[in-house]
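The following block contains the structure, expressed as structure tokens.
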Amino acid sequence: MNRLLGPLIGLALYLGIVPLLIHGSSYWLTVFINISLLAFTSLGVWLTFYIGRINIAQGAFALIGGYAVAVLTTLHGWPFWLALPMAGLVAGLVGGVVGSTILRLRGVYFAMLTLCLTEATRLLALNWTGVTQGASGIIGIPTPFGGDSSYLQAYFFSALLLLAGLLAIWRITQCRMGRVFRALQAHEDLAASIGINVAQYRVLAFSIACAFGGLGGAVLTVFLQSIYPTSFNVTNSTDFMLYCFLGGLQFVLGPAVGALVLFLGFQLLSALGSYQALVYAILMVLAMLLLPNGLLSLRFSVRQKSMREGQV
Amino acid sequence: MSLLQVSSLSKRFGGLQAVDNMSFEVRAGEILSVIGPNGAGKSTLFKMIAGALKPNSGEIYFDSRRITGQPQHIVAQKGVVRTFQETTIFREMSALEHVVIAHHLQATSGAWGAFVNSGRSRREEEAIRQSAAEILNYLGLGHVQNEAAKNLPHGYLRALGIAMALAAKPKLLLLDEPFAGMNPEETDRAIEMVRGICMRGVTVLLVEHDMRAVMRISHRIVAVSFGRKIAEGSPQEIQNNPSVIEAYLGREDDELGI
Amino acid sequence: MGLAPTYLGSVMSQIIVNGLMLSATYALIALGITLIFAIMNVMNFAHGQMYVLGGFMVYYTYGVWHWPFALSLLVAALVVAAVGLILERFFFRSVLRRSRREESTMLLAVGTALLLDSLALALFGEKQRGVPDVVSGVYHLAGAYIPARRLLIFAIAAVLTTAFIVFINYTRPGRALRAIAQDRETAALQGVDVTRYSALGFGLGAALSGLAGGLLISTDAINSGAGNLISIKAFIMIMIGGAGVVSGAIAGALVLAFSEAIGYYFIPGSLPYLLILTGLIVFLLFRPQGIMGRRWG
């Protein structure tokens, strides 16, 4: 029960206290909606790390999900609640097809190729004008959130989506599938020798990861009510990856903590004007150098230390 | 009663003929060793049988079914399971977790059931855990089952590798140099372990360098040199075979175990 | 009808000229990133940002302050090399010492890319920048037009590429770098000062990227946000050629430069790059290690 206490407090804070404090400010609600959705999208990247692959393609799948929801709702008149799961499905399927080829690569090769994939998807969106309307993008996407409380509705929806995502990923890590994924991360050949279908499982993990990207991208798109080929780009892909790294790859909560701290940090630095990005980058590199295992490792090392001291 | 049949198997790497037209069979219930000097093509042969490497030509039959060139996990499903040398482990995981994962083929409840933690999946998990603990106890690893594999000494890791292979319920166990680098007492214990596994009805094919152990443990031996089979027979016959002696001539005497 | 062969011929020669002109500069980019990868096992995600930095050095020294072009190229190389040395000394060296995991160095490389990106934005602004022609005039060869400025850039890049290959193959430090690329531990046992030469390799790799930026700004304009795109080009080249291999870098540069030359000649806009990236994925299916395999030297 003790293990659940921390997450439960966090949950209460996020669903109760935060909206209570900021419900009057559409700016801060927007910030937290973004944090929830970026964290949700990053969970997919985290899952790819879990099978031992560095994924810089999540921007591409967010873009695919975004276009899927935009096309389905604006051009085909689908309701949002139907278009959203479809967007996740489309991204997951595309991820499965692409993954079955590129997942043979490892290490920096996979990382480089996924980065190229993000760029290729942008170019595809730009050139496939029949579907995406090219550079002019798709605008006027209907939103399911309306009325005076639309920001608050979006806040709760995003927060609940993030919680559902965290729960799903946590369950994956706890069940047999997670064990297989950990085995893939540690040694693919050894995993194959005991009868694990390595190719199938890594495609499964990657598809789930891409579906997360598609869902996150779709909700972000609907929230912004527009999408362009540059809506999710290489920078976003690297951001998703950095959230995971800086939060901590050993922890399911890593991407959420990373997204919260980094995105919030960036907003808080806005007083610096044109130096905002620079100071942010400097702080981030410092964090990488000082906390190579992520922010959450700090909490754990403090606890371990105090336990050791307690024993003396 | 042949369990595994290797016929005219060949593998080339560039200009090097690693395995050259090799044929032999493993009979059900026996311990067969493939011996030969370093670079004789033992590991290549081993990898081809396990499905980790595709042969250029030739066939492999297991239980009268063709397994030539099939991927590792399919070969494992059919009952041919290999061990690795001891450095190949899931470093961060505990010994118990290694063996639990190795029960992968025994898990029958669906992925969804596992995801939502259904009653059936929970019962199955419990049974797998039990079985993993039993295997570890049988191989004398019970007391280190919660230790991370990266902290275990080499001798334990080799036993852990065998524990994993056993968990996959093999009909044919492929052992990669199980006695390499062991002192005499360790070798004695390892020989007993392999014999015990064979008694439980698992056929064993091992490739090995350490002749002393091989002579003691094997029912039959296949000797290879430069990718070719040069002799086959009982340990006695191999020890007295002129071409085997010739293949080892000029090498250190102790390799022959005489 | 009688015109067709001549027309075809001139199209061909124009494409060949364009591809060749571009390939020499691309080779500098690819050689730089492959050198760093071979020596440090670090994939330099900031390679494109170093290119941008080099480009802006030439923009200020040559374009704004009117220094001689050769001098401003030298300054660009030195400044970017210095940045590379600083990054190696204060970022990568300590992380490499602490951990051999690919993830940690890659994370840092991505972080430095972000840092250099925002630094470039803060220092140089958002504007697209170009410089006046170094030489003017157009040559006409076998039906192809060759602007003199492109020819000059090509000549300089070709000389630098050749110089680099000679340096790596026939000089003492070059041999030391190759030894480190082959096997760090063995090189150290043979008495190579691995720490110093790693720094040298990193600085040199960075300088090559900076030089490429300094050269190409005189034909193509540059802006502070171009870094990631150049990095992607660098990745494409070494994935095609095989990372960590000198000949692979050259092969990758040739393939990319000619693909661009052909693509842009026939198809306008951004479609050629989509085709190139798709082609890359298909190619890697069949040859994941690239044309020249993985070992270096």
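When the chains are written out, they are named A, B and C in that same order, and each has its own residue count from 1.
Throughout what follows, contacts are C-beta pairs under 8 Å (C-beta built on N, C-alpha and C of every residue); 3 or more make two chains touch, one makes a residue touch a chain.
Predicted, not measured: the structure shown is a model, and the values here were computed from it.
**Student:** Provide the labels of all chains in contact with chain A and in contact with chain B.
**Tutor:** none
**Student:** Quick check for you: compute each chain's CA centroid and the global CA centroid, then name the chain with the smallest gap between them.
**Tutor:** Central chain: A.
**Student:** If you average the Cα atoms of chain A and of chain B to get two centres, how far apart are those centres in Å?
**Tutor:** 42
**Student:** Averaged over CA atoms, how far is the centre of chain A from the centre of chain C? Could you give it in whole Å?
**Tutor:** Chain centroid spacing, chain A to chain C, equals 32 Å.
**Student:** For chain B versus chain C, what separation do you get between their C-alpha means, in angstrom?
**Tutor:** Computed from C-alpha means, the inter-chain centre distance equals 48 Å.
**Student:** Residues touching two or more other chains, restricted to chain C: which are they?
**Tutor:** There are none in chain C.
**Student:** In the complex of these two chains, what residues of chain A are touching chain B?
**Tutor:** Spelled out, the residues of chain A in touch with chain B are 171-172, 174-177, 179-180, 182-183, 186-187, 189-198.
**Student:** For chain A, which residues count as touching chain C in their complex?
**Tutor:** Against chain C, chain A makes touches at 49, 54, 98, 101-102, 104-105, 107-109, 111-113, 115-117, 119-120, 123-124, 126-127, 234-235, 238, 241-242, 245, 249, 274-275, 277-278, 280-282, 284-285, 288-289, 292.
**Student:** Please name which positions on chain C make contact with chain A in the complex.
**Tutor:** 37, 43, 91, 94-95, 98-99, 102-104, 106-108, 110-115, 117-119, 121-122, 228-229, 231-232, 235-236, 238-239, 243, 269-271, 273-274, 277-278, 280-281, 284-285, 288
**Student:** Can you name the residues of chain B that touch chain A in the complex?
**Tutor:** 50, 52, 71-73, 76-77, 81-84, 88-93, 97, 100-102, 104-105, 107, 111, 114-117, 121, 125, 164-165, 167-168
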